[in-house]
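Same chain, two partners: chain A is paired with chain B first, then with chain C.
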Partner chain A sequence: QKVSVEVLDHLEHLALVDFRDSEGVERLQKAIQFADQLHEVNTDGVEPMDSVLEDRCLYLREDDVTEGNCTKELLENARQKVEEYFVAPPGNIPLPKLEERETFLHGS
Partner chain B sequence: LALWVPVVGLEIHAQISSNSKLFSGSQVQFAAPPNSLVSFFDASLPGTLPVLNRRCVEAAVMTGLALNCSINKKSLFDRKHYFYADLPAGYQITQQRVPIAVNGSLSYSLCVDNKMSQMVTKTVRIKQIQLEQDSGKSLHDDTRSQTLVDLNRAGVGLMEVVMEPDMCCGEEAAAAVRELQLILQTLGSSQAVMAEGQLRVDANVSVHHPGEPYGVRTEVKNINSIRFLAKAIDYEIQRQIEELENGGTILNETRAFDSKLGCTVPMRDKEGKQDYRFMPEPNLPPLILYDAKSLPANMNHQQVINIDWIHERLPDLPSVKRKKLVERYGILPEHSFTLLNEDGLAEFFESVVKRTQMKPKKVIGWILNDLLSYLKQHSLTVKESPVSSFLLADLLNLLEKKEISSTAAKQVLAELWKGEGKTPLEIVKEQKLELLQDQKELEQICQAVIDAQENQ
Partner chain C sequence: AALNDGLRSQVSAALKEGRVTPTELCQRCLALIKSTKFLNAYITVAEETALKQAEESEERYKRGQPLGILDGIPVAVKDNFNTAGIETTCASNMLKGYISPYNATVVQKLLDQGAVLLGKTNLDEFAMGSGSTDGVFGPVRNPWSYSEQYKEKSVPKSHSEDGEFNWVITGGSSGGSAAAVSSFTCFAALGSDTGGSTRNPAAHCGVVGLKPTYGLISRHGLIPLVNSMDVPGILTRCVDDAAVLLGSLAGHDPKDSTTIQDDFKPFELPNLTDVSKLSVGIPKEYHAPGLSSEILALWSKAADLFKNAGAKVVEVSLPHTRYSIVCYHVLCTAEVASNMARFDGLEYGHRSDMKDSTESMYAATRREGFNDVVRGRILSGNYFLLKQNYEKYFVKAQKVRRLIANDFVKVFRSGVDILLTPTTLSDAAPYTEFIQEDNRTRSAQDDILTQAANMAGLPAINVPTALSERGLPVGLQFIGRSFQEKQLLTVAKWFEKQVQFPVIQLEEVKRHDSGVFQHQKSASFS
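Moving on, here comes the complex of A and B:
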């Protein structure tokens, strides 16, 4: 089963990944096939495990102020800043629609 | 005329009242210099990890208990992914699969036909309460086509309270939110001041014909006060009805409430239905809570949250406080609502009652009719009142002992209001407002008046 162009386009929008070429898509297909092997196992009535940490104790921190006050340091990472604010574009710039962008996905 | 049934559900975000943030040790404070209350974790710098704040968990448990919820002894954290400039990690840590509390209820009261004397009690089901992170703040600078981002709020703990669509209009939603606000403030789990963004409400609105399936719902955001909440919901209900009656359709969209125009408008940045790609938060094990029965024997106290211990220490909720006021003082239920609705007023009332011989049923009139209207006229809170409970009690004692008439008492109150530091007795003497009790003196005055008349 191949992953459809619609799904690939959807993923590129959501995650802003770039499958770039057929090799990237092939890698994705192989990863899905690999994971699909899990369906071979009968998991009826088995509680799913989503973390190997499930038996660990979740550490609870006391409600004390111990960090912050490092505006200057943080802003060193900013490409652009205005009076101690980070500067960002006016809104999300969505990936152009499939028809409107140059991507190898057209060919597949 | 076709009958329409409006359906209203609410998603409420309450900022947790805590010193530090949900997963980091930076401070929680309103209106601080931009990006001064931001830790490396809040800024999502690589190599940082979330560490859960105990106080935030306690706040959520208290709130869940106060709303009659079942507390999940095991709850999980998830990542909700979306891109926005004020969400540096590209995801929000929330509780999507198993939240901390579920299946509760909230009772609230409404006046029938705007008459305070006829109140009905309604209930709204609470679907769940979840712990989640707040995002930073975006300031839109349209002139320079840019957004300024302040991460001070990023990572602050939130309790999201989801109310089932059991409400049918703006008035019900407003009353439910008001009661929730009072409960949160009583618990101290959130200060719930809407003006400071500590309580944010999104409304889900749809309409349908009785007996038919629910209609398409819209989400209404950007509501900044309880008054606007009622307005926004009622406007949206009307808009949907008109749209449908004109043969149009309702889009499943997000709309913003424009308070200046009093209407809802489609929100720009929402590109179709969001796919948040929820996944378990890999850096946090499940959150385990205990009760008296399941308390582990050899665990550090500081690491254990005992639901029963918290339950025993819950303060009286507003509904209980009102009942006690009515029972103890013989005042009317609607009076108890007004007393609790104004911060500090119930305490003021009780303080006066303690210091005067006047019956509470009479005192309440002075509190609600005279004191409260003065406060409202001058936009003052009870704490800011120039007339303290001691002064008012002194005044009411003079009245009760029949040393002055009630008209005179009102005059004295007006004078006390100036806050010049005079006592009621001093004002009475100054303005010669004492009631004459001496029979002979009264006769003399009456005789003098009659004589003066005869002489004309």
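Moving on, here comes the complex of A and C:
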């Protein structure tokens, strides 16, 4: 079962990472094939495991301010900033649809 | 003091008695780093700050007030740990030029005890890989490629047709750290271990590689790959040194809520002489397809060693072992898809010039910043997390994870104290051979013996055992019960003493170690 172009396109949108070429798509196909081996295992009545420390209580600290005030350090690594703001290009503009985008998925 | 001295036994004493100064030690290591540059083990060498730290350490020794065993000891840190003021790249274009504003907890702990941070070591990009060949700064070369031992055995095959020297890989992803320790440029190094990334290169480079129990050592500041499996790893030249490092790093960290709150007491390893009360388990499924006959024989010999010394050696079964790689594949890619989402170019790291929209800037930044391996895992992870796939793949993998973890619980409950397995399927491959298969295939093959311990969160250690027919290191792995590092390391130390793994004969090291270059006679184990 090959992954449909719709799903591939959807993945590119979700991941904000592109397949770049047919090798990328092949890689995904192989990854799915590999993962399908999981279905050989009988997991009836087995609870999913999130963490090996599930039997312990997660540590919660007191809600006291112990650090912060490091705006300058945090902004240091940002490429574009204005005063104490990170600057981003305009939002609320979705990625172009598949037909309008320059992606190799066109050919698939 | 010689560069290959153990910390606790020799170097520390030498520093205290003034036979060597921290500055001398630091300078020797820095010089050796320069002359072994061809190994490409280091991404960043923090020469100035290291020398400054060494000077400060020297002052403390002069006043008779060293901070502890690690005061003045040169160490290296894998480049996926944040180090304040020093570039942290994860061997990726995404973080080239990123100067951390803070120290990872484990780094801070080392510095607080006076350790001298020499630099950041090379790795596979974002710790994804088992060869340390897929980073943007190029592959790491295994120091053993240049050893007398390898040259003796492999001269005819050591050059390819075009005359290029066929050096072998370090394994990965903490290859730089393993190579740094193996080539004596530092006394200990930090790695990380998610699927075997500390133990695998330790085995190939002939050093001790410890994966602690999940939750014992803080991950704060370790750039995460798989939050539920990552642990900081410890690489040293002997088991005693690993215990020293463990002692200074373990313990609850309020900044990492996945660290357990139990009190951790650092320990010195006893010199075990009587193993008659020990029960060693040999998991039959670890006789995996592709396991070299050499390593199989070594594993068998090791089991006999324990048996002849009076220990109870039993075959055990971990039936879900062969699914651990598949399970890892799904859980890892899923967590990676989530963890890599933070790299969008806004707050740190690489930022694309694209400015049409936020989304297109993110997409372009990630396209430019990540290599194929990382992008591949992000896309696979997102696939497994799609609504229509979530139950089928992600939740299914979580269920299989429980089965794998339960396998270990059952075995340890049956009276077995410790498991003995191979660490890798074979000795280190030549680079030209290794890159013929893609990253995912290689990782799937190479992680097979190490991954399950991460799945179950158990402590595990690689102990260098013998040299292969090609003159390269082969290690064996011990897996212990949760939080029973003392028992694990005690047994590992006993085993280390029995096998007397030979010291690497490296020209560069001999030149820099003008002191006594101690030859440890290897009671030939192989």
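Operating definition for what follows: the second predicted complex is superposed on the first by the 101 of 108 C-alpha atoms of A that agree within 3 Å, B and C clash if a C-alpha of one lies under 4 Å from a C-alpha of the other, contacts with A are read in each partner's own complex, and residues count from 1 in each chain.
One rule holds in what follows: a residue touches a chain if its C-beta (ideal position, glycine included) is under 8 Å from a C-beta of that chain, and two chains touch if they have at least 3 such contacts.
The model shown is predicted, which means the values in this text are computed figures rather than measured ones.
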item: Touched partner set for A:59, first chain B, second chain C, both or neither; value: both
item: Touched partner set for A:82, first chain B, second chain C, both or neither; value: first
item: First, second, both or neither for A:68, with chain B first and chain C second; value: first
item: Of chain C and chain B, partner touching more chain A residues; value: C
item: Partner chain(s) touched by A:51 [first = chain B, second = chain C, both, neither]; value: both
item: Touched partner set for A:95, first chain B, second chain C, both or neither; value: second
item: First, second, both or neither for A:30, with chain B first and chain C second; value: second
item: Partner chain in contact with A:14 - chain B first, chain C second, else both or neither; value: both
item: Chain A positions touched by chain B in one structure and by chain C in the second; value: 10, 14-16, 50-51, 53, 56, 58-61, 70, 74, 77, 86, 88-91, 94
item: Sites on chain C touched by chain A in the complex; value: 98-99, 101-102, 214-215, 228, 252, 254, 257-261, 320, 323, 326-327, 329-330, 333, 337, 344-349, 351, 354-363, 366-367, 370, 372, 375-376, 378-380, 382-384, 386, 392-393, 395-403, 405, 438, 440, 444, 456-457, 482
item: Complex contacts: residues of chain B adjacent to chain A; value: 18-20, 24-27, 33-41, 43, 45, 51-57, 76, 81, 83-85, 138-142, 145-151, 268-269, 271, 275, 277, 280, 282, 284-288, 302-303, 305
item: Contact set on chain A toward chain C in their complex; value: 3, 7, 10-12, 14-20, 23-24, 27-28, 30-32, 34-35, 37-41, 43, 46-53, 56, 58-61, 70, 73-74, 76-80, 86, 88-91, 93-95
item: Interface residues, chain A side, partner chain B - complex; value: 10, 14-16, 50-51, 53-71, 74-75, 77, 82-92, 94
